[in-house]
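You will see two complexes here that share subunit A, one where it goes with subunit B and one where it goes with subunit C.
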Partner chain A sequence: MLDITFASSINALILGLSIASIFLVAALGLTIIYGTAGVINMAHGEFIMLGAYASFTMQNYLGVPFFLCIPLSFLVVAVIGLIIERSLIQYLYNRPLDTLLATWGVSLVLMQGVRLIFGSDPKYIQMPSFMSTNIAIGDVSISLFRVFVFAVAIALIGAVWWLFYRTDFGIKVRAVTQNKEMAASFGINSSRVYTMTFALGAGLAGIAGSLFGVLNIVLPTMGMGYVVEAFLMVVTGGGSLLGTIIASGVTGEAQSIFAFIFNDTFARFLVFILIVIFLRFRPQGLISAGGVRR
Partner chain B sequence: MAAMEKNIYHNKALQWGVYAVFFIALAIIPLVQDDAFILNQFATYGVYGMLALSISLCWGFGGILNLGQGIAFGLGAYGMAMTMQMQSQDPDINPIPPFMLNNALEELPFFWEPFWNTSAGIFLALLVPTLFYVIFGGLMFQARVAGPFFAIMTLAILSALATLFIDLQPYTNGVNGISPPGALDLGFVVVDPYSSVSYWTVFVLLLVSTVCAKLLTQSRFGLVVQALKNDSERVRFLGYHVAFYETAVYAVSGLIAALAGCCWAFLTQYVSPAQFDVGFSISMVIWAAIGGRNSLIWAIMGAFMVQGAQSYVGDEFLNSWVLILGLFFILVVRFLPGGFAGLTESLLGALSTGGRRRGGDVPVDVSKAGTEGA
Partner chain C sequence: MLLKLNEVTSYYGKTPILKDVDLDVPKGSCVCVLGRNGVGKTTLVRTIMGLVDRMTGTISLAGEDLTDRRTDERAKQGIGYIPQGRQILGKFTVRENILLGGFARKSGGGDIPERCLELFPYLRENLGRRAGLLSGGQQQQLAIARALAVEPQILLLDEPTEGIQPNIVAEIGETLRMLNKDLGITMILTEQHIKVARKLGDLFVMMDNGRVVEQGPISELTDDVVHRHMTV
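== the complex of A and B ==
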């Protein structure tokens, strides 16, 4: 019944890389926000959804080419994130459970607001036609767009790494992450760092949205599906950048292999259960972020 | 503490008085209202009330934020629906529910067998979710997973269960869910969903679970649980087995939610994976937060208020309703973390100390103070 050939196993592994890159793109912004400010941003899925709608709007009403939509979605969602941080999140930093609830409220408002503006019917983002071709790697064929998503994931990791470890801003962020009061006493404006980090994380969700809008249909509720998985990556990874990368890679591959053996939904269930068991033995995650965790 | 004791909000006798008034008011409804549809609606609110109560117990008192209360609710509802489904099957003529035949099942799956017996079915409907909470809670709390992380894990398990129930199409009828053809027959009485019988059933269960939960919070066990919320490390150093207390209060809240699930199944005669919907589980948290998570009765009233308001705005405003609810919820979290209960506590505190000191530690928004009475 189970047809395990060399080609099909390689196919599952490559598909796993693709799933991993999607997990990673979804979880990257969340990791940055959680790792730096300790904010559980339940509206992250809706930021992804906003990114998709921003791309859809720019492409359909303004005729912006798809590749330009991606950075523009980053800007649009980053600005929205900035506004939300300034008007709400900044008052809740010392109440982690309340940020979770408040951002859930934000996600309700965003989801319903988009539904009122755009309606509940599915929208589609067009990609350049050459992107829909399949390319063959040996016996395995995979759509060029999935390769593109993988490339974007790598590029984003590089960009975030450069920003955090090679710039002045990154030094400030890491200082604030390790010890907020100490950083403040050295003249770093920590609340400004939080704001910028939140906007950055939201912007990354915007990029994720413009990519996922092509992979799937664009719906007001599309964010819900991503947020739980993205959070699992962050929790399993321990809140650090490297942890999220490893967690996404391992879970992506695991899910692809289980899906190959059983089926898609059962694979998802199995991965979730394995994560629960993993956290029983390593509750701090793979690589826990620096600084104090509560 | 002196100010706290003077605050009549903390007067135990008075608290029981308020509970009595609330339940007497609920008991009057079926006496003055004989519209079966409205009674069914109020019974449904009662189910929501139980869910809010269960959230208040584990979150407000135990400090365990649980975004996946739909786990117990859904499992309980499925258990009850399976029991009701088997009541309409005949062991000799048609032992297999129609949807299984449609899914090409030749014989009844083994885990459906116990549901031939109504009491065994209901027992399982309550036992399975509770046991699930004991195991899952035990795993998590022993690993000292707490706070937001625990909330995320409950959410993950909830969505995993939803996908599992959709995936097991032959055994659960997938997305379509189970819709038992007849009302629940308890042997001595038939719980017709559109009758006062179902209303009284929900009423009694809500009353019993509320009183038990209230007694639990006032017991020694309840005191330790409340101490956990404030500083679980200190409780650990005092020699208490923290994971045991956390698992226990989590499991009790799961039992109440499972009970609510059972009621839901006989009230609607229908269950589907929608009962595992993430949005629904989070609404439960919203009810408890708006009403006031630190007060069992206010959490229940929160469910009544929010769901009641939702029914009265009507279908055409349903879209903007979610928007308004979201905004309102944000405002409550931002300015009124104790919900209406916190507001009441502060107001009564101000009254009983002559306005010199505030009773609670909850900041009160004076501009709102006039609009809501106790």
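== the complex of A and C ==
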């Protein structure tokens, strides 16, 4: 018999927020790349994996403190993303099928490359000891690190919003997304905008990897687990930032509530089914990234 | 000559739309490009802007060869573009639309030149408004302000009076006259309204089937020329 108390309900809601923040951190970079350039980046999961390995390497071989590993992982993966965009992706814009296959190929190369360098055995990123404690919110107990992930998700939303809506770079990105031809007619080099956006999206995946490497073990295949959920958030959200935030929030909460009522496996199954039904009736997602890609 | 086109042929796909066009635009002048629908007026403007698939021939601005330059590089040479249908960015605010023009300036933009708002007080009062909510006439004002934010050597205006209420057409005509005659901004203007062309133009270019078939001072744009090339 299901025992629903106020405390257990609140517990499920808070756990839902934690799941939502993980979904959001995983999907943010993908949203930016897809929403701006229309690229379905199959290597996104591997960018997350590279972020985890970057943090692991810096922490274990260079003694870099964990909190510094996070921004440095952003930089490392952003540079890798920039190189991949310049050497491959830039030739494939407006060819979605080719981009899909090419980024899938990139994902395999990255996965095997990391396996060659680091091997297949799991690695671990150590969080600062004070983060391993739990904090109590009323009757609910939650790990401090999960609260930290939630705070990072909020901070990243704020940073991305500021970048896109309060800076010249943001105006350029949104102009290219709305009307590439007009953007070019007013001096905007769309190729450069795409490069910077791809690097930004990759860098955000790097941050996700740095965090997820603490939540789970670090493996060359770890990206595959996150990329499915990241894609689901982006597609359900419609490719827009706000859509992804809402999709992550609703899905995270739904998964937590279903897990509370049934079990974790069935909760995931149910969430996937509901997303499929939702997309059947609203294939453009919650809030379309809009714009006329020319 | 400020702008010079030499034997320009341009294509959409494999189809040539503009054929062997020669055009000289003197500094400070207003050149009106006339002709029936589909004769290549818009393609001429888009070719200058670098928005066609392929072209042969040469284009130069103030002695600088633009032929192999990308669209964004041409804009940065000082070409202000007011496209057909205005194409303001509807999801942007009025302010963001004007800021967009600034990116083509040598300084890189980041601010709105005072002249843009002096000319159009309505825009100054509605900088935070979503551009998609403006009326056709107000959107045309915004398109002009955006092009002026480039601080252009030359303005390309593609049918700026199309789809605008008749009383606003006169207002826009007066603004363009002032920009050309008082501020000395060179213009290429494609037009269907002969009255507007005669009022603003110094020179005319008559097009037919992708070619320039007649050109000269606007005083030579007689009713006979108009009937010969513009009546259906």
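Points worth noting:
By definition in this document, the second predicted complex is superposed on the first by the 292 of 294 C-alpha atoms of A that agree within 3 Å, B and C clash if a C-alpha of one lies under 4 Å from a C-alpha of the other, contacts with A are read in each partner's own complex, and residues count from 1 in each chain.
Quick note on the criterion: a contact is a pair of C-beta atoms (placed from the backbone, for glycine too) under 8 Å apart; a residue touches a chain by one contact, two chains touch by 3 or more.
As the structure is a prediction and not an experimental result, all values here were calculated from the model.
Of the two partner chains placed by superposition, only subunit B is touched by A:113; subunit C is not. Applying the stated contact rule after C-alpha superposition, one finds that A:182 touches subunit C and leaves subunit B untouched.
In the superposition on chain A, A:235 makes contact with subunit B only, not with subunit C. The wider contact with subunit A, measured as residues touched, comes from B rather than the other of subunit B and subunit C. Looking at the shared chain after the overlay, A:275 reaches subunit B, while subunit C stays out of its contact range. Partner subunit A is touched in their complex by these residues of subunit B: 65, 136, 139-140, 142-145, 147-149, 151-153, 155-157, 159-161, 163-164, 166-167, 278-279, 282, 285, 289, 319-320, 322-323, 325-327, 329-330, 333-334, 337. Interface residues of subunit A, counted against subunit B in their complex, comprise 40, 88, 91-92, 95-98, 100-102, 104-109, 111-113, 115-116, 224, 228, 231-232, 235, 263, 265-266, 268-269, 272-273, 275-277, 279-281, 283, 294. Residues 49-51, 70-72, 75-76, 81, 83, 87, 89-92, 96, 99-101, 103-105, 108-110, 146, 150 of subunit C are the ones touching subunit A in the complex. The residues of subunit A lying in touch with subunit C in their complex are 168, 171-172, 174-175, 178-179, 181-190, 290-291.
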